[in-house]
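Going in written order, the chains are labelled A, B, C and D, and every chain counts its residues from 1.
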Amino acid sequence: MTIDAVYILQLTLNGLALGLLYALIAVGLSLIFGVMEIINFAHGELLMLGAYAMTFALPVVGLLYWPALAAAILLVMLAGLLVYEILLARLRPDEFERSILITLGLSIILIHTVQYFFTATPRIVDTQYGFDGVEIGNIRITLTRLIGAAAALVAFAGLYSTLRFTQFGRAMRAIAQNREAALMVGIRPRVVARNAMVLAAGLCGLGGAALAPIQLVTPYMGQFLIFKAFALVTIGGLGNIPGAVVAAVVLGLLESVIGGFFASAWQEGSVFVVMIVALLLRPEGLFKRGGMRVG
Amino acid sequence: MKLAAALAAAAVFAVLPLLTSSNYVIGIGISALVFTTAAAALNLVYGFTGLLSFAQLGFWGIGGYAAALTVVGLGGSFWSGVVLAGVICGTIALVVGYPMLRTNRHAFVIATLTFALLATLIARDWVSLTRGPLGIPDLPAPEAFGRRFDTPRQFYWIAWAFAMAAIAFLFALCSSRIGRTLVAIKQNEPLVRAQGISPMPYKLAAFALSAAITGAAGGVYCFNLRIIDPTFLDFYYMQTFLIIVIIGGAGSFWGVIGAGIALSALPEALRFSEDLRMIIYGVILVVAMFVMPSGVAGWLRERRLARMREALR
Amino acid sequence: MSAILRVTDLRKSYSGIHALDGVSFDVEAGSITGLIGPNGSGKSTAIDCISGFQKLGGGKVVLGDADITGRPAHLIARAGLMRTFQTVRVYDRLSLADNLAIAAQQFDPATWIDEFLRTRRYRQAVEASEKRARQLVELIGLQRYYEAETGILSYGQKKLVALAAALMPHPKIVVLDEPVAGVNPSRIREIEVALQQLNQAGETFLIVEHNVQFITTLCHRVIVLEQGRKLTEGTAAEIHTDARVLEAYLGMTPEMAEAEMRGAA
Amino acid sequence: MNSPVLELISVTAGYGDNPIVRDFSTRLRAGTITTLIGGNGAGKSTLLRAIYGTNRFFSGQIVFKDEPVERLPPWERLKRGIGFVPQGRCNFPAMSVGENLKMGCYTLPAAKHDAAIGRVTDLFPLLRERWRTEAGNLSGGQQQILEMAMVLLLEPSLLLLDEPSLGLSPRMQGDVFATVQRIAATGVTVLVVEQNVRGALLISDLALVMEQGRKFMEGPAAEVRTDPRIRQAYLGGNIEQTAA
């Protein structure tokens, strides 16, 4: 029985790490939806860019983890800025379908551009930590995984306090709650939308860069994650950021545990089943605007 | 006049195998027919009813697998496989469509997307049913009246007959009261309700019929490829259908049919590099959404309306 | 005359505000009844609740013999209550003819099977609908636009189209939500005349309007709402000279206001 | 204190291709309260939005403190001292009163936040009492006061109010009018659109009457209040006809 307990603990830890990663993407989607009322289909590709940036930055800085991570995040934030200025700034808030189709086009372009230049061959990344790990009893966790999860946690803490306690973050919530009132107090919607996009891109960059040493890096890695994140925001509702985090972690755990005991089809299928149930239970509660909450 | 042009195009397509001896051209013709049909089905939900549904990709794949498994697993014929593909997809659409359609348009898009993903995952992971990444190869050629349709040239007639039947059905539907009501629902749902019409059955019918046709199209197409594996659910197909609908003009029946025929040569013309082809697809999509968000047909319509307004001034 | 629409003790509140606080009134068959009141008095909420576009918090709505309380909007329409909307709603991308045909299609016996088989029933239904449509289009004076998309029409013309669409299925009662708001003053008179003609032909109207002048020239009976309650009810002449109505529109009398402010300070 | 704070010179504004306010000219003097009245759809709200810059401006000039502002975006006008409280609920319902006030300081440098909030909460002690309450849970009248306070944080010299008493009980309407008077007493010029004509005219110095997007009448509030034509104007009749 001790083996089982260890196994379950291992699954739980994996699930937590997985869930945090989903949450990074889902929260970014929530931010963008709250401020601009659009869905960024190319969000997963920003994450993929982050992972690729990490793979190329690491050798340059002599496999040092932190400088490479910083470089990757900055690069993805820059990409987010460009995406906003070139494409999204032209959209009006009510053009939801159009936003999906435009960012879908962007997603295709990014995936295949990366594939064209770097081929579809998965890349393995080495860091200064190599495969060092921490052992707690019978459980072994690699250092990169631990750092990745910790970085995600720190990012959430940072995001939470930004949204809660700074004017910069509060303005994003303000626009999500009442656009006209935001104009009344002198908030410039475009500036806030740009900030939200860059911030969300930064979270993606962090996710991608932290993921690069943990799993294989391929041009398609973002696509699967984004689908998960979409399902997640459908379950948790957009605009509710702690809700998205909780839902993400629960989903990560669920997947990990189901994947540990059943065929992997069930693992993926469970997400969809949960989503359908959520839709049936509260069809109008999802995607409700007007209340980006942080607590 | 549009109908006459359509009949002429149908006739040209009918005699295509007599005009060329190239199997390559025939292959493009088959793709053109099937993709145009699937795009017309997408147009029914997105263009007419206003529901951006990514579930089409799922139905395309489910249809393909259903047809293939009917033949390989149950020993049925190609014909029963295609029919079953349509029936299964239509039924699934009714079941999942109801909760999806009760949500708002944001959640609907995301839910249909997740459905498509689920279908991909099942194709890959439910190995005992789908044989996973290996796929189901060596699908037998269709047979009828004691003939085997085993060359592309012969298979072309099947694709042609299928496309004509499906497009004729969709045309009858879209130009009927039901089609008119779908357009009305897209434009102004509260007004529809105020006129005694409940939108839900109409939306559900459009979603399910579109799913059935897409599924049957998937069933036909996998027998053209002679193999079905998880790449049959590649997002590439969804993008192709979407681009046809958007370039043609969502909501314009003949605009989409025209775009389907015109654009089917595009993937072949861009065959020199898989990745460049997809990049160009993406660029086309982005540029079209900025330059002509309502497609060629929408652009023509705007010009016509502008002239009318001018004349009335 | 008998009441075709009987509204009893209508209640509705959201976020702590009583938008409707027990409103009751009747609409006589064959009459034009006006529902007026200042901004925020609950007129629009009242007709949204009656027509099923908002859930009502309490009360009863009876149309003819049928209790339609709390039914979904499309069933209320099928029971014979057609309505228009404050911000004009038409199908911009459909022709005027189609706009009118859709409004009637739920009310004829032809099903989609009839349509596919082109049965006699279907042909008769289409013929009847087209005849009615032509009549109404003539009445609103838009014959030359019969085949045109309604998107090209002006705001006032669209209001007329919405009115005609509501009349298509020979409803028991037509509820008009601000039929002349935003309409060019020169056209208001035309709408007035059209409504009078229709009324003489037997149509019943309930009209919500801000323009008191318009209401008092047209309506047999006027109901005045204020703060979610019925303030008074009477003939147009009675309403026009009622001091309370003026008060509702212009706000507190100076004496009241002064008293209030002394109390607040 | 008699120079005009705001001067409108044949302003034409509206939405899309549709001008609603046409050729509107007037002057507002510092420290006065002006009521803008007229029937539904006369263009009152459109005029206020045009002054703040949240709709389409067709032609004319808006001169604020000797500077033309009609081409500036709303936040620039706010910085120059034009504050606007739109109709309906216009706060951040899922934020506390405190956070709402901090959002009101958005365009101020951080060093000035505390002083500004202190000043406004002195004016409206109620807001300090309800500091942690979510704005969406306040009563209608309290929300209206919060909204005015959010704009007053920036010490605007011109305050535009769109139907501040809408949907309030007579008692709360009285509160709101008293508040407007107190604001004006601090030297702020107020332009208010009101449906409660009598209440608003009572606290106003001047009245502007609009009909179909144009200025119909202008004069001291006391005179306008007793003018018989107002009744007709407000009850939607044809003014020219009635006057003749």
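Following the convention adopted for this analysis, a residue touches a chain if its C-beta (ideal position, glycine included) is under 8 Å from a C-beta of that chain, and two chains touch if they have at least 3 such contacts.
Computed from a predicted structure; not experimentally measured.
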Practice prompt. Touching both chain B and chain C: give me those chains, sorted by label.
Written response: none
Worksheet item: For which pair of chains is the number of C-beta contacts greatest?
Response: A-B
Item to complete: Would you kindly tell me how far, in whole Å, the mean C-alpha position of chain D lies from that of chain B?
Response: 55
Fill in: Cα-centroid distance, chain C relative to chain D, in whole angstrom
33
Discussion item. As a quick test, compute the distance in whole Å between the mean CA positions of chain A and chain C.
Written reply: 50
Item to complete: Find every residue in chain D that makes contact with two or more other chains and list them.
Response: none
Worksheet item: So which stretches of chain B touch two or more other chains?
Response: none
Worksheet item: Which of line, ring, star, complete and other names the graph you get from chains that touch?
Response: ring
Fill in: Contacting chain pairs - touch in the sense defined above
A-B, A-D, B-C, C-D
Worksheet item: What residues of chain D sit close enough to touch chain A in their complex?
Response: 54, 73-75, 78-79, 84-86, 89-95, 99, 102-107, 110, 147, 150-151, 154
Discussion item. With touch defined as at the start, can you tell me which chain B residues reach chain A in the complex?
Written reply: 52, 96, 99-100, 102-107, 109-111, 113-115, 117-118, 121-122, 125-127, 235, 239, 242, 246, 273-276, 278-279, 281-286, 289-290, 293
Fill in: Touching residues (chain side chain A, partner chain D) in the complex
167, 170-171, 173-174, 177-178, 180-188, 290-293
Worksheet item: In the complex of these two chains, what residues of chain D are touching chain C?
Response: 39-41, 136, 139-140, 163, 165-167, 169-171, 173-175, 177-178, 194-200, 202, 212, 225, 230-231, 234-238
Practice prompt. Report the residues of chain C in contact with chain D in the complex, numbered from low to high.
Written response: 15-17, 38-40, 181-182, 185, 210-214, 227, 246, 249-254, 256-258, 260-261, 263-265
